[in-house]
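Chains: A, B, C, D and E, in written order; residue numbering restarts at 1 for each.
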Amino acid sequence: MHVLPYLIAAYIFLTGCYGLATSRNLIHAVGCLAVCQSATYVLLLAVGYRDGGTAPVFSDMRPGSRPVVDPVVQALTLTDIVVGATVTALLLALVLQIAKRHGTIDPDELRELRG
Amino acid sequence: MSDALTVVVLVLVAAAATAAVAQRDPARQALVLSFLGVLLAALFTVLQAPDVGLSQLAVGSALTPLLIMLSVRKVRRRGRSKEGPE
Amino acid sequence: MNRLRLVLLTVGGAGLAALLVAACLRLPDFGGRRHPYGDRAVHASLSRHTANTIASVNFDQRAYDTLGEMSILFAAVLGCVVLLRQAGDERRARPEPAEVARPVRRYALLVLPVALLTGLYVIAHGQLSPGGGFQGGVVAATALHLLYLGADYRALERVRPLGVYETTDSLAVAAYLVLGTAGVLAGTAFLANTLLPYGTFNTLSSGGTVPLLNAAIGMEVASAAVVLLAHFLDQAVEIEETTGERTEGAHER
Amino acid sequence: MNGWILAATVELGGAGAAALWGVTTGPPARRVIAQNLTTSAVCPALLLLAQGYGRPSYVDLALLLALLGPVGTLVFARLLSDDLAGDSPSAWALTWAAAALGAAVVVALCVAGDPGRATVKLLVIGALLIGGNLIASRALAGGFRGVAGG
Amino acid sequence: MTRRTARAALLAAGELLAWWAALALLWLVLISTVDTLERIVGASCAAAGALLARAGRRAVTWR
């Protein structure tokens, strides 16, 4: 249990990388990149977790009454999720441009076009 | 004993991530990705990060699938309008 | 060629996996008691009367970092707008209105304001309960697109003057910067939370500048998501290539 | 570990695994149904977790999921309507079972908690969840026809 | 003609008011503690929601 969440995060990251490398469709590749991103979220939040802790949000509990988990990693993850979605959108826009210019979104065929 | 919940959700997330990579058709992948997004939100709740869970829910349940499906539709439409006789 | 790539991938992946596992084993144990940064962040947040420590970290202790995140978001939206604009060889085709089942339509119209209100609630209570500008902004933007999902694209276009959202996007970024600069003018540092009184703990006006920065981010994210989706929808629904130019192979999927 | 968290573990493990199985295998019609049921599987679990951890503010997550989950399903119902045109997917027994699960969880939580604002909030979430689930199922079962253009 | 416009205006005001009341009530359900600022923010958010609800209903073509 001590390292299981970290190992799972590493596994998700490697799975995403495998999908990226073997993808035959650029939209699918963007989806795999999203999987890779989620691995970093799992890792960061696992690092910040504390046994028996609760969220450091004091709207419904008295400060100091319960142990709390690390808020810094949560803040990092939280902004990255939304910003990551817009970056995904940017990549998808690039894919649409490629489809328009080259008529295909298969990376292998694109390489052949380049010559 | 409270580790059981963490382990269950972590294993589910890992399985969903594998499935998302294994689906080669982007539309089917978008379905799995939206499932993965909701599941990640549950994992973040279990890891006591409700703010992050909210963020993941907002993005993963509707926004990312919509973006991917719109891209798929655009690419398919291009294919159709070129192959078709019109 | 393909085989070589697979071999390379296997070797590289195995190496990376070994390194990652080695790193995982040396990380502090999952669920450990020692979180020096976290404890200090909680203390700082409580001393500034911000109930949600995560909001305090985002908009007070690390507000400068959020400025960076916001500029990435802004740049990504700008890139999408440039990449997805209507090119010279494209024309707009008016889509026919869709036939949507009545219950779905009614549901969309009913949930639309409820989802908007929830988004605004999540933004407004960002410094108290879980939530904040990033999450609430996305919810509010998604709410608007119920009109496309439950009715048709024309209905969405009628309630979505795109220019207004583009302006709001820029204005929100400017507001964040102005709030930061106000700190400098008041004699402290950029984005330092010393401008306003900290207020009563666990009320809407607590936390100094945190609620204001939060609202600015909420506006920014909401309008950015609307602008992004508008361009994707334009491409997917309206914009067509004028046929006849490039007719060579169309290999999709 | 208390009863609520145990219930959430069982619910999340069982329904989550079933939904994952459904969403990764079979024809598109079955996959979208499984995607729709994800919402009704995870949302009650989130409510149970909020109660189990003793944090009323976690309920906001369930609220957001009850609102946005059906929206996500509408995305697929609308943009995959060509693929789904052949066999309009419907699994009303499953849909009603999921609705009953949501209702049972909401009622249990309402009984367990003190009556007040939080109870009303729970009821609102329950109504949104069940209504959204039914409407999304309706949308999948041929709610969109002739959206080729729009 | 004037009677018809007056009636339309009344109907519009009624629709907006109904939506506003419903949404303001929903806001009161969502929040945990009530104070003056909370009421002001809630009322304005509910107003925005009511405007959007009416705009959305008018934008959709019913057939």
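The rule is short, and it goes like this: contacts are C-beta pairs under 8 Å (C-beta built on N, C-alpha and C of every residue); 3 or more make two chains touch, one makes a residue touch a chain.
Bear in mind the structure is a predicted one, so any value in this text is a computation, not a measurement.
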Intersection of the contact lists for chain A and chain C: B, D
Joint neighbours of chain E and chain D, given as chain labels: C
Reference chain B; chain at largest CA-centroid distance: E
Cα-centroid distance, chain A relative to chain B, in whole angstrom: 11
Cα-centroid distance, chain B relative to chain C, in whole angstrom: 17
Centre distance in Å when chain A and chain E are each reduced to the mean of their C-alpha atoms: 39
Numbers and ranges of chain C residues touching at least 2 other chains: 52, 54, 97, 99, 114, 118, 122, 125, 129-132, 134-135, 138-139, 142, 145, 152, 154, 202, 225, 228, 232, 235, 241, 250, 252-253
Junction residues of chain D - those touching two or more other chains: 53, 55-58, 60-61, 63-64, 68, 71, 75
For chain A, residues contacting two or more additional chains: 1, 4-5, 18, 25, 46, 48-49, 54-55, 57, 59-60, 69, 74-75, 78, 81-82, 85, 89, 92, 96, 100, 103, 105
Each pair of chains that touches, named by its two labels: A-B, A-C, A-D, B-C, B-D, C-D, C-E, D-E
Chain A - residues contacting chain D, complex: 54-55, 57, 59-61
Complex contacts: residues of chain D adjacent to chain B: 1, 5, 8-9, 12-13, 16-17, 19-20, 23-24, 28, 31-32, 34-35, 38-39, 42, 45-46, 49, 53, 55, 57-58, 60-61, 64-65, 68-69, 71-72, 75-76, 79-80, 83
Footprint of chain E on chain D - complex, ascending: 56-57, 63, 117, 120-121, 124
Touching residues on chain C, where the partner in the complex is chain E: 97, 99, 105, 109, 112-114, 116-118, 120-121, 124-125, 129, 144, 147, 151-152, 154-156, 158-159, 202-205
Residue ranges of chain B in contact with chain C within the complex: 25-26, 50-51, 53-55, 57-59, 62-63, 66-67, 70-71, 73-79, 81-83, 86
